[in-house]
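The structures come next, written out as structure tokens.
Paired with chain B in one complex and with chain C in the other, chain A is shared by the two complexes that follow.
And now, the complex of A and B:
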């Protein structure tokens, strides 16, 4: 009875504090929106409107049709040059990122299997961009070639007839891939950073001391913190999902229930980390710094949210296994883009469960009802 | 009283507690044993660093002892901490309130945590709110309450369940005298009605006389336990008030202090209070051919404390080197002129049209509780904060036009001393000498001067952090004097230091004033007001009274209070101010 009363008093107090503190509401609801807008509109890993130099040595009907193919694409902003030297100069000055060179014998050799009627030079400074550009130019080239051949009634005779199919993200839209991962980052912010800071604030203001000299049990203090911030974190997560669905039109292929389950387990782990930090750091500045370094940055960099885990060096990849966000991001990306793929979802759910239990057990072990 | 054997409210045996600080083990408490008298108010008295807070936390089972044991209401703090925490009421320093919750929400929280049944709450709330006078403010955020109101709310939260043992850690620090008095009344009512046992720590020695029983703590050791009268009786027949016709009181004090058999001298208004080493010591009737008026007076608790400390240290402190005489600059007019100075923070008026003048070589006090506007006024005079309206001149320089020029001529010792605690004593002095851009030669001279005159030579290489509070205070004062300022600003200079260190500090300040330096000092210690030549009493940004300590006290004399102390005078002034038509409107 009185245990129930104490817990209720704690939860009520924490909830009132959350509602009154603009900064915790901002972290829970404004921050996700800002991050979503940033990643939804600002950051994109796709090549888009890339300036490309087109050098046409001998303009004719055929070359013009090819060139207009470039103009129609969203990917390129073609710029006409009349000599290869001028185009190379532009590439050096980074005014263009690639050169497509149609030589004077373009029209003659077009259907000749031996010749190479077009030349492509790309700026390799940004390797990712260069590879994308290469692929896109190739695609335009094939499309044009096909149309050209058909119009002549000639069967296309090219050594490889590339037919690309992209699974799970047919539009190859990087936003669809980033936004699910973002949910993990946002929940880390709420679960670990916010919780670590509010507990540190209690130490700083001396309220923790007053709290401890009441009949409250240590697990009641911990639960009193966990419950409201769990609700807050899930709220932030639902907001993010809603915005992803309805504003950015990221399709959700899998089930909402799995999404919720994974988020709830992850929230347990994140809150555990936050409380663990607050056991060590008893002032807000240190708690904030530690939380950013050990929870937020790993969730950003080592979760597979932006950077591919498989292309990381082994030593770093090993570290990612202790980053809870890694498992959540894997589930989120699968659920959003591919659906309920149990082979992926189950092991990751299990890992999240273990991490949540581990961190919460550690917090319980490390928390004492005295000041040392 | 129910002190009938069995388990006492608090029983302490051979208690020891150590902390690590800067790689050293520091004994916060050493071999402390006592038993609290039940149904009484026991004052835990000592300076900062005496171990008061550590003892409070040990009693609340927030810390565990390294040696010895504590038994609280029959529960051992080591084996049954939860039982202890369920049984006691505890108010930590700064009251432990949630400032973003309202008064009512704070009460609800602590009532829930202490297991007060919902049906019992309304009556208990009403009683506590009536007792603390907070009834009209239950909807207000705790952060928006005044210091005195926070203190009373903190107390109310600790009393929700009417605990048998109430632990209050420095509940009166920084709170105005009116609130202090109200807190004592509430505490006494609890003791009388509920038979509660109260342990209350304080650094104010004048509060000792309000307690039934005293635990005197000094540097982690218990110097004694007993009723305040028992302490005072030890120095019976050894306290005098001395007055001279011609000689000024600071000179008189300096002369009396060096007489054989004199333990302690303090300036109280126009008199010098003297405590001798034994009742047999006779004070001279005449000094330098001038007749002295010597009156024997009743001893106070503070006399006994100083006598005990002096006995431990083998003397009541050191003689203070005189300062070189400063040449009188300017035209002999006031050094500080303040005319209708006002300071606004948004809509809030922190200082309301304040006017006063300070003459050269004067010690001038600003007395008031936290939030009275002293620090704001002070910062304006130091050139740290612009004035919103009015005129302020310091050392003949108008603060509105030449703040930087005024700053070069003043020394400033901030609250908490603002030293670099990671630097050594020598490095601190070097730094401040550079900050005042003293030339290289002068720099070396002044640092050497400071080390010698402030007895810091022995600790030149010690980190400031590891110094006792009294040394830190000396170092801060030395740093503020490196550039030979004409005016010295002291903001709460003696908060928390022990009475002996405080006396020594004031002897230096007196010597400075005698050498021609003007001193402006803020304080919330009523007794410190007595050291001032003149002072103003401030409340809510206004000056309530202005004059010499004797004049201010005399102004509040009444039938009920024929001999008002400075605190009585202060309370009378505040109460009259609260009743004034302007405030009522």
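And now, the complex of A and C:
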């Protein structure tokens, strides 16, 4: 039997196994679909309708004008309190996330040379949310300053104005950056899950020994296992890209071909990682445990999907270089939002290629066709 | 009865810890992940790479830019000379933002007309962009105030005095590290329990267990206790590391914390055993664990707030025990919350735990395959 035929037979055997066990098909197609839709809607860093307490000790024309800024903004759900103590109690009970406090002498102090202090207390437990809230309140404050100046017939006297231009995502919609990243996280999972247990299962059931006595070579076994799962994984990948494009309306600025190439290389790396776990563990229990630990959490935290890679300490950033999802997330975010930026895409494609080859070479090295 | 349970528990512990590789899997990764994630998972920005496109070059502009050079949040990458360089620097991700001063910056500023500081920022990561803009804005507000004082211009009629509670310096590590207690505890408990019944089913020993004098309740407790034990030890270690290594203040008492932890373990073990009792093979058990774990982590409020989710997804998170425990750990660590304040978080975990454990026990006998 020629090498070609042996490989074809192995691919056929694995494909049949996949088709007969619907769970693989479910992992490849159903899971990415459900996860992406669930997370695409659920994961958001855009704070909207934040409940804030407004404490106005002495309501007057000026305080009302200030407070009305909160009602008009869809970032806030303002709640009126009549004493700072009641508002602080609400903050402690998590009924509001911040307190804006206008003291009784606000109207007088506005006319004073030093200006009136506006107290802003934020719940700092979630520091990120607190900082965003602070930014939103600053915006309300600034708009009030402008309106106040206009009402007195003068221009607002600021030495330097901030003019911001946000490229690639002018509406700063966090979904546009999270959804491309989610594709990276989800496909890491799918790739590893698909393959992590396949070789371990053959060892445990003893069918690996049956394969060994056939003339098939070890690399043919591995390729035979890889090819059908690769096809499945690519199918899942295309599905997620379609969901991003048509359900979440994330604009795809770059070319589909680069996305496909990146996906193919990434699938190679992810499946290689899964196979490596499977070959080394030789036992489904351990393979499963390792797959949970080394694939999902690093792809979630160390890929640049939510947490910024630049801000990590150098020692930690070094570790992110061995997380394949990191490269895919970078390519996805750039391809979707910015376009074909070769300086970003090429190094990441190269890294994915190296990772894929590395994992597959390791799998080859670790698999032997003999018993222990 | 106690003897039965004890015997089964010891057998379970042995089954988990017998294999050297599974021992390593239980101890090594949580420790490594705590350290790595504790440093990596942060929304705080530092070393934000930026470039300057200063078409003016005047003294006031230089004074403004010097504030950015002196800040640990920003890391100066170089000067740009034209629009093309600016576009390239941002496209290639060489810098996150460019500070741009127009040619008339100095003249307008000296005349008392509003001068513009233009910030061009890479919005590919919208959260990073917003946070960086907030930093820039705060620095500009400081600059404006100082400039107004020094040049005798009127300060704004009102100013904000910001006072964050519970986390005075807004360190996002204080938010994330207590979250990691919940994250890793859930992962470890699920790993220990989700495959425990499925493994015996596959090996055929579960049927043998069912025909022994052990009652289903005893099997259930015997299978649950190892997860309880391992989960408590791992969580204690992580809590210790959070306080001692990451220096997150533990302001509340240990009692409300451990009460929450045990209820959380109860619900995690219940879910794990239910998944395990439902599956016939280990592969199905693993799949089930993954299918629960991934959404449970991402939709828990660990990284992105639950309040930002659409209402439908928010309702879904009520089924997620991690959602409640995150409030408990963060509450006890940062706010010094007591048991009374945390009661709304305790009872749902207890309900989830009891319901899933009861279901698991029922499934032991009734799931036929």
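Quick note on the criterion: the second predicted complex is superposed on the first by the 319 of 372 C-alpha atoms of A that agree within 3 Å, B and C clash if a C-alpha of one lies under 4 Å from a C-alpha of the other, contacts with A are read in each partner's own complex, and residues count from 1 in each chain.
We take it that a contact is a pair of C-beta atoms (placed from the backbone, for glycine too) under 8 Å apart; a residue touches a chain by one contact, two chains touch by 3 or more.
The model shown is predicted, which means the values in this text are computed figures rather than measured ones.
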Touching partner for A:244 - first (chain B), second (chain C), both, neither: neither
Which superposed partner A:120 touches (first chain B, second chain C, both, neither): second
First (chain B), second (chain C), both or neither touched by A:8: first
Contacts of A:216 with chain B and chain C, given as first, second, both or neither: first
First (chain B), second (chain C), both or neither touched by A:177: second
Touching partner for A:36 - first (chain B), second (chain C), both, neither: neither
Which of chain B and chain C A:352 touches, first, second, both or neither: neither
Touching partner for A:50 - first (chain B), second (chain C), both, neither: second
Of chain C and chain B, partner touching more chain A residues: C
Residue ranges of chain C in contact with chain A within the complex: 19, 21-22, 25-26, 29, 33, 36-37, 39-49, 64, 90-93, 96, 109, 112, 114-131, 133-134, 136-137, 140-141, 143-144, 147-148, 151, 153-168, 170-172, 174-175, 183, 187, 190-191, 195, 199, 282-287, 289-291, 293-295, 297-299, 303-305, 307-310, 312-313, 316, 327, 330-331, 334-335, 341
Contact footprint of chain A on chain B as seen in their complex: 57, 60-64, 81-82, 85-86, 88, 90-101, 105, 108-115, 118, 154, 157, 167
Chain C contact footprint on chain A (complex, rising order): 23, 27, 31, 35, 38-39, 41-50, 66, 91-94, 106, 109-111, 113-132, 134-135, 137-138, 141, 144-145, 148, 155-170, 172-174, 176-177, 189, 193, 196-197, 201, 281, 283-286, 288-294, 296-297, 300-302, 304, 306-308, 310-313, 315-316, 319-320, 333-334, 337-338, 341, 343-344
Contacting residues of chain A [partner chain B, same complex]: 2, 5-6, 8-10, 12-13, 16-17, 20-21, 205-207, 209-217, 369-372
